[in-house]
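Heads up: the structure comes next, in structure tokens.
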Amino acid sequence: MSAKRKKLRSDLAWSTTDRIVVRGHDLVDELIGKVSLGDIAFLELKGRLPTRKESAVFNAISVTLVEHGMTPSAIAARLTYFGAPESLQAAVAAGLLGMGNRFGGSVEEAARTLQEAIEVSGPKASLRGLARQIVVTYKNMKQPIAGLGHPVHKPVDPRTAKLFAVADANGFSGKYVKLMQLISDEAGRSYGKKLPVNATGAIGAIASELEIPWQVCRGLAVMARAIGLVAHIQEELQEPLAGEIWNRVEAESSEHQRSS
Amino acid sequence: MSAKRKKLRSDLAWSTTDRIVVRGHDLVDELIGKVSLGDIAFLELKGRLPTRKESAVFNAISVTLVEHGMTPSAIAARLTYFGAPESLQAAVAAGLLGMGNRFGGSVEEAARTLQEAIEVSGPKASLRGLARQIVVTYKNMKQPIAGLGHPVHKPVDPRTAKLFAVADANGFSGKYVKLMQLISDEAGRSYGKKLPVNATGAIGAIASELEIPWQVCRGLAVMARAIGLVAHIQEELQEPLAGEIWNRVEAESSEHQRSS
Amino acid sequence: MSAKRKKLRSDLAWSTTDRIVVRGHDLVDELIGKVSLGDIAFLELKGRLPTRKESAVFNAISVTLVEHGMTPSAIAARLTYFGAPESLQAAVAAGLLGMGNRFGGSVEEAARTLQEAIEVSGPKASLRGLARQIVVTYKNMKQPIAGLGHPVHKPVDPRTAKLFAVADANGFSGKYVKLMQLISDEAGRSYGKKLPVNATGAIGAIASELEIPWQVCRGLAVMARAIGLVAHIQEELQEPLAGEIWNRVEAESSEHQRSS
Amino acid sequence: MSAKRKKLRSDLAWSTTDRIVVRGHDLVDELIGKVSLGDIAFLELKGRLPTRKESAVFNAISVTLVEHGMTPSAIAARLTYFGAPESLQAAVAAGLLGMGNRFGGSVEEAARTLQEAIEVSGPKASLRGLARQIVVTYKNMKQPIAGLGHPVHKPVDPRTAKLFAVADANGFSGKYVKLMQLISDEAGRSYGKKLPVNATGAIGAIASELEIPWQVCRGLAVMARAIGLVAHIQEELQEPLAGEIWNRVEAESSEHQRSS
């Protein structure tokens, strides 16, 4: 082993024979029976328990991400469970693996856009100026702006107004939320069509208000969706779909070879 | 495609352009901003929102499972993130993959033991008789009984008393909890040493009181740990360990070859 | 850290600035350009390069496991790639996660049955007696015998005769292969219907002839299928199916809710 | 379901009760016992069996990627197996999840750089001019060029010369290989230090000669490493490391909390 060893160090939890401490809180005396799952998630990410207002906002964005119905993730989880019923954890993991750039990634990308813009520009920058600049940049790159528009929820994503209202009612409608809304505004003008903030844009903005680093924002979707995927496996036990999906897809996709 | 098609059917969620419905509840009007993450997890698994007492108990068992420090799962997640920083979801998934028979599986196994015993024996069976029978069966198979004893938390797991107290205070200390405690009692007598109920035994029993099928109980650990693993990735960003672990393990494990 | 440290030790590979050694062979001088992928797989598992006959047999069983068309694994991989196009490795991993008890597990289970029977019974045991005993045991447990019968390939699995012929031609038709065939024979008699050895039964038997431990036999399917899954992702790039499968499954499975 | 359905179609494999066809070849009559694992991998990716020369080159690059010793992937796979011994497939999958941008991704990135440059510039472009342009572009972006330099193998990666020699001996030292070498040349001049082509750069170039699309090149590493990871799990069964790694990392990383 090398002489220069970096010390390994983690502050998340430690335990002795009679004690378990999570983020500085005694698990048994201070957390179990006193703190809800959502607030523990906040504790894990922020290193401290949330205020009542932070809890309201953090739980609101987490709740939004739990269940989206029969997504590619949910179908993949069910197909995996079909082949590996011995390991439910693998089915949930398979489902989470699809929460990448196209899905969970959009929360991350929206948060990154907002956090990088505000970090670079400094406290005195005009938010409208920043919004304009972001729209121009993406338009020049011919790339969509994360957090705007939605293929199904048109003209507006019904979750956005609610999420922004919860944030506002709890004092978390600051510069990130405003910048996100201004980006939508400027993009609409520039493209000549409504491009309202969608749920992932709202969540990216609100997570930024909670000072959650953008690199972790995709993780909000991942942790929430893990819950939803367990529910999908439970339903698969009672109302199995995987075998039928397999049969249909296999038959149709090889039909042209079989008949030739 | 075959003529006999099974209809695909899921009751978890559906959406239209302006509405999202999760388990029969309008996401925007009834859930976001009103219900906490833990209660949504209950809704997902049980098909209805919890009572206040159910919520207390369900959140207590979930909270217990979020963070266990630097487990094999957490280390695997960090090592995965080191190689694939583009996909946080894959790092979390890699961590969850280790929540198998040895870890999350013990919650499932404890719940299975309790649920199968009570289902087979009927409502009039003596719980002590059942406990005795279970201990004899496992002793004959020379296999450990799930949910008893702990390698670190000796003589007692500090989480157990707390979890059972929360269950009792909320009216969920029924036959499953009693049977788990009687199994511990009988096992202690039979093996001539203390074999107290550990946290996974308590959680398996309490989940059974909540009528969560044993097949899904491992999922409680999986969904909770997903939260903890996101926190580990966040810490890895700030205080990276993976590279150092790699260097040390590689150097030491190949030392005998290098020097030969 | 504990005073008693177990030394970490691995014999698979090591490297210096100018050398890489895999299983005792210099990668550059002895392996690249000289040994095929299948033979390296043999080297990895057995610690030595195969003879020409071992190579023929090992490649035959590996080749059989590469591609099975549009399986649940392949569909899960494609759905995962749809959501996470940034990480092809995650799509392949998601596909492999479904190679569990129902698929890859049957190779393992067949090998386990054969290896445990022969290990316990000793060299002088009658193979027919062992076969009879195995059939009786599984019949009493009301469980299917791994490696017999096939839902699609009836009355016989076309791969079996070929695999056994390759094994025989290369001197690997020993007691494991014979025992597998006798089990089929006895099971057919006992159940009063043809129960021919299927491909996974043949592979389990031949892998046992190669002295590959049953605990790893599922891995033969896993490593071979990884190749097939990369090909599925490549095809998905050119002829995408995932989006269409998602649309159809989501629409049909929520139809009853939408219309109510 | 929508009226406009896209037809699902796959050309990889299909089967009937007595026949299995992979990429147009009868599995039993044409492949098992006749074609090696590496050549089947070529068939899967290219849609036809390789010539003898293609086989030599394709096997050479695949073989290079199988085993790299105790990498983060291998450690993650072993830690996962520790927690989930019931599903070897999950341990291999966990290991593959780390074959992301930092590892397998470099093969992809090198191939992308080469393929995009040559596609855009047309057949008459000067390769040296292209190389110069690529070096300038990456230097301006302050990003490393994929496929150059190596943290361990200095001054030169011993695999590179061998891989290029195999490619050359078989007629696959064309414009992609030349461009890769010229990029190394120009980068060395521009940065004033040796930046030789490493193994992933050589593999990216040779895979391009074989006309494997860059989007799939990471998959070459993934499929090869699946083999290596099965071998790591086999070794973990005989010489377990995971528990010891866990103990050490947990103890050291929480030491500062325990003692405070």
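Of note:
Order as written gives the chain letters A, B, C and D; numbering starts at 1 within each chain.
The rule we apply is simple: contacts are C-beta pairs under 8 Å (C-beta built on N, C-alpha and C of every residue); 3 or more make two chains touch, one makes a residue touch a chain.
Small disclaimer: the values here were computed from a predicted structure and weren't measured.
Shared residue numbers account for over half of those found at the interface formed by chain A and chain D, and the copies are therefore classed as meeting with the same residues.
Seen from the C-alpha centroid of chain A, the farthest chain centroid is that of C. Interface comparison, A-C versus A-B: the pair with the greater number of contacting C-beta pairs is A-B.
Centres computed as Cα averages put chain A at a distance of 36 Å from chain C.
Averaging Cα coordinates per chain places chain A and chain D 30 Å apart.
We define each chain's centre as the mean of its Cα atoms; on that basis chain A and chain B are separated by 22 Å. Contact of a single residue of chain B with at least two other chains is seen at positions 8-11, 13-14, 69-70, 84, 86-87, 89-90, 93-94, 97-100, 241, 245, 249, 252-254. Chain contacts here are complete: no pair of chains fails to touch. The residues of chain D lying in touch with chain A in their complex are 7-11, 13-14, 16, 21, 84, 86-87, 89-90, 93, 97, 249, 252-254, 256-258. Of all residues in chain C, those touching chain D in their complex are 1-2, 5-6, 8-15, 17-20, 22-23, 27-28, 31-33, 35-41, 44-45, 55-56, 59-60, 62-64, 66-70, 74, 87-90, 92-94, 96-100, 104, 108, 152-154, 156, 158-159, 162-163, 165-166, 213, 215-216, 218-220, 222-224, 226-235, 237, 239, 241, 243-245, 247-248, 251-252. By the touch criterion given at the top, residues 69-73, 75-76, 79-80, 82-87, 90-91, 93-94, 97-103, 105, 241-242, 245-246, 249-250, 253-254 of chain C touch chain A in their complex.
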